[in-house]
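By letter and in written order, the chains are A, B, C and D; residue numbering begins at 1 in each of them.
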């Protein structure tokens, strides 16, 4: 890597998370670091000091890395005076104006570090040279023509808050985590790629699904993923299976109901009737074999030998004969599925997702999708080391995921692949 | 209408909402009614009585209507004994088993109305003839072979709870509103059709949009709707416009950022810089004319003469010179837009949607979309008579809506239409 | 009732809910009505007409009733010209100014009904007599000195939107329900009174509780309610009981943890250890008898013979030997509790509340409290006729409720009551 | 500190956050560390190594610290074989059983580190000595009498997942943050203490309040805090002030309405009328001086010279003459308040809280309270270094806070303090 600069960082930089963020930034942005000196404070009051060279393949990447390090308090080891450019007009800033953080900040002017007054984020930083130089922030619409505006980051030092040495009582120490709001589609695309990779590598994909998957009309898309071999195990409840079976049992006429939903209570009668019919047939597999059930997620699971666990709950109707009503027995079955999984998709179910999450090693990748932010947060807190959380409508997530997974497949085929995808020959 | 039956309803049926639901059910399901007698209780303790003939074009529809009326307490005027069929096996019910409501219920057996014991919804209704006949509910898995199970609805009378004569204190009177969870896609399709109809009829479509529309990547889809002539006015804030302009100003490179979002704070600098550039150009329209802004929602609004109001707020950066910073002045401008609108789409913004909603007559159709259920509920409470609320991800809603609106348009053209759609020839 | 006026209402007033709201308003406000004429439209296109006399004990109540009827489209049978008063200053309205609704409106001026222009809610209504009289709305800050402002409601006719004759597609017909945001404390006070009444009448109080009741520190308050005899049955899960028992088992040291929560994972070890100890003792009742468990909700339930059902779930640790792990068996036990209850408190648990709600007749009063609005909405939709929903923190709700219930009790005693409250003598 | 042990930690321990958590745990728990050796990996692939002595005043604290370090992968520098104790009965574990994490784990048995199979959290760890020793987890109800269960933490090594060396795509690296659900009351107590301390030290308390504070009935409590001198500046909107003034203007009769809320629309007329009256008086201060407004938050703010900013918004009625309708002007006024504040209470308002948060340095303490978790999360993400977030009902938070603040005051006085509290003499 041909582009390199050396930076210094000091303070309580380990326990405040500063070094973690700095090392992370270098790696995330594709750079490399070489620690030249690292003096770790030997006790809690002692500060630490780190000097490291940071490198990147191109100057643009290096700039991006230095920007992140700067925001975390790093300074170039050979700082020069702040670069000042006069504002070209009222409310207009020069091209490379420095945009402030909300942390205490200093500027190097005439070889002296001056404190910046009126700290506030996303402002311009103005230096007033006359009368003992002063530096302060200005919001955009207060900038006046001729104001000396700081540009670039050289000569500017940020001091992010450090972890209090003694506990802060109710006040938690915030690390200013960057919560990037990612565009939905690109995230779903990445999940689709991961799903394809795991499957191609012979790995195990576990799906945990709630009844909202069927209610929202996403059942067909999930059935397609099962049919195409992207699901190895399914963990769900009596409600999920019954809703799915009901759609199959009532064929196209039920299709109309999904559009119009005129008779919700009549619908509930269908629900009970579906369970009664499956009981009469002797279970889901028998109902598939007898040709009673001819489509849907459960149908595809039977046809594709997907390891399925339906766990009972106190709010179940019926239940179906396939439902494991004993909580301990169901938990044991779920445990086996969870231990075998390489990636778990948790789709719109808090109860089943928590049950699965309780059994997962922290090394299993998890994807959690729910319309309720609290559900997503709760599941991500469970401790997977690599996790994706999405707050979105399951009725659009699953179809979009299926489209991306399956179009990737076709794309590959189109390019001339031999259809090496598992089960691709079946369909 | 050739199929017809006569029913009777009695009790406090007006103030308990029973008649409203009964008349509504007939009309919703495409039937017709003929009130033969209606005695309205003349004071608050007096009960009312209604006898009406209900008709439908086919017996299936008539059955559906009678089912709804039955659930609301209506009884055929010539009730016959309950139909009983023996359960064919344990946990299996006969085909047309009657599924209970949770309201007090009676069955007509041997010409006498007997109270049903153990009222609970979604159960089978069992009649035990011996020893002074008894009737009670059983959940599916308690049903035993040979149990006499009620089928159909004849000979069964439901008594929905009536409004308490005196106020219930903290306890509100619930009317058991049927909250149908509709599949997302079919609802979006109906909104798309409405949008096309209003536009084809020369009506006015108002869009109220929050910054999440842009953050979630839905800006392109909204820009397409504007370009295709489906938006007559846009009501938004400084943040929405700035995010949209930023995407345009930073061209394809910004496109990459939307994918990766590596530098969120750098992103914020872009935000301030965008405002600074628009100020330098003299406003959004000037920036479009100068070729600085070349795509996006604001670009299309300028190009298609969309009536745009950007209202300021205390959390704005900048603001843009186009932003109306005075709340009273902004409110007046929004009021003009609202009074002209025939349909309003409220997209992921509580603040602007409430401001618009305050000015709307109750006759304007409204569509409100937000990921937060509380926002949707609050907006629907404002009092439009015809409203759609969807709790979903704006990042998938707008693209799906645009797809349905625009595909409908092509479909029409394909059928040989003359391209009468406004502006269809422009692009 | 000495004060009386006669009003007329016409249109699709039954299926649009107008009559329901009008009758309801009279009763809610303590008035009385006497229907003089009611012509019900005999088919769906025919309009209905109602003329009724409304009475109240005092003129203030009568005014309040007439105001509500007016808002729903009723007109006095002897309407007089609108009362106009000149605005005393810019932006200042006369005392009894008429505040508009958002519905189409007419004013009677010179014996003619004129349409009001620019309909918008919460505005003043201005009449301009010159040049063929006009009427329109003005927001407060547009009112100018001398504007003729309508006062009172006489001579003003509101036309609320009517239910569309044919289905509105995706667009639901909104009835403009008045969602009163009630001050929290007064609602809790009413629930407390209801609880006391039910208990004093020998009724049955059922509590459904989630683990958040204990986590949030509300366990002590619930234990006090049990101890004082206000709880007849408890429906909960393994988690609720274990958390409660853990607090008891670890005595004061655990009390400290509840304050500081330094070792959450150590806390979880306590959780497992608690279950292990109860298993060793042979169950909760045995643990109470052996003096192992000496306080808390479960302790009080054992001591006060509260009918307790702990239902298992797939996310349970352990479980405790008292937990019913089979979902069907647990459901049956819950069903018995639900059928016996006169009032049910659902405290911060969706799973158990839905299970209980499924078994409840619509005549049982329910109170549902959760921090998540979606949970509250879902439970209220289940169809109790008399229900209270509160979106609030369970950690403050239960202590406040207990305080109100128990202070009421003391209050009664203080007044000289003989302590007739059940079990009051026990403590 | 007399108790001490030495531990070793190795791996990518800086960028995975391990060292931050370890140093933090020692300090949080009141211990002390002495780093004996710290070799920092000089580039991204190189692992780091840390050996440090940990001390505490008593052995219990030391154990607590070692437990936390252990969970983060630290091992004693002189590890001994795992301690095994036979399970005394089925489903019963020995007292000090080791409760597993969900991270890969090893046990030292016969001087060799063996991998633990079937990793899952909150389980017992069983060692099977025969046949080449094996170790695996068992959930509580699978434990059998005689199983050799690991106790304590010696001889057990946990390997928390490390940050992937290359970016994980959509999958974020989770640090297993401990989200302690704190009992509500103890947190409010800590905030109350902080408020008292800041005020006693002559610091500046800023309150940002939304209209829900008044709607929920918490206005009286806030007024008491203002009266007692605990509020230096108030940042709110037109709606907040109007609701508060309306309560004062309508005196006790309005008090009744807050209880019953019978006439919500009549209530809205009061709202407009209140604004009209304040306009007539010439503003809030004038209305207080004229004796028109005699109680409430705004009254106390005028009487106690609280620096008040009412910012306008496009959804305002009126507005009041005191409302700053220009967004830029309002923002500047808010900025001055924010820069002066030492602690900020954000009460049930997203709009105003974001506006204030945008201007705050990261060193200002913030307390954010809202019923909506998304609001709290969004505000805490803004980057205060010391922040408290509470998802709770504002209607119970403010009265409880006021009670704790004011009872603390009396308590102090009771103890014999000289009443040095500002303004304490006034009341």
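Remarks
The working rule: a contact is a pair of C-beta atoms (placed from the backbone, for glycine too) under 8 Å apart; a residue touches a chain by one contact, two chains touch by 3 or more.
Please read all numbers here as calculations on a predicted model, not as lab measurements.
For the pairs A-D and C-D, the count of C-beta pairs in contact is higher at A-D.
For B-C, the equivalent interface among the listed pairs A-C, A-B or A-D is A-D, as over half of the contact pairs agree by residue number. Computed from the mean C-alpha positions, the centre of subunit B lies at a distance of 37 Å from the centre of subunit D. Subunit A and subunit D have centres, each the mean of its CA atoms, that are 23 Å apart.
With centres taken as mean Cα positions, subunit D sits 30 Å from subunit C. The multi-chain contact residues of subunit C, meaning those touching 2 or more other chains, are 28, 101, 122, 139, 141, 182, 319, 328, 331, 358, 374.
Residues 14-17, 19-20, 23-24, 26-28, 32-36, 38, 40-44, 50, 101-104, 118-122, 139, 141-142, 160-161, 163-174, 176-177, 179, 182, 187, 190-191, 193-194, 328, 331, 335, 338-339, 358-363, 365, 373-374, 377, 380-381, 383-388 of subunit D are the ones that touch subunit A when the two sit in their complex.
Across the complex, subunit A meets subunit B through its residues 28-29, 64, 67-68, 71, 88-89, 91-93, 95, 97, 99, 101, 122, 124, 139-141, 178, 180-186, 215-217, 258-259, 261-266, 268-269, 271-273, 275-276, 279-280, 317-319, 371, 391-393, 395-397, 400.
Here subunit D touches subunit B in the complex through residues 311-316, 319, 323, 325-331, 334, 351-352, 354-355, 358, 372, 374, going by the rule given at the top.
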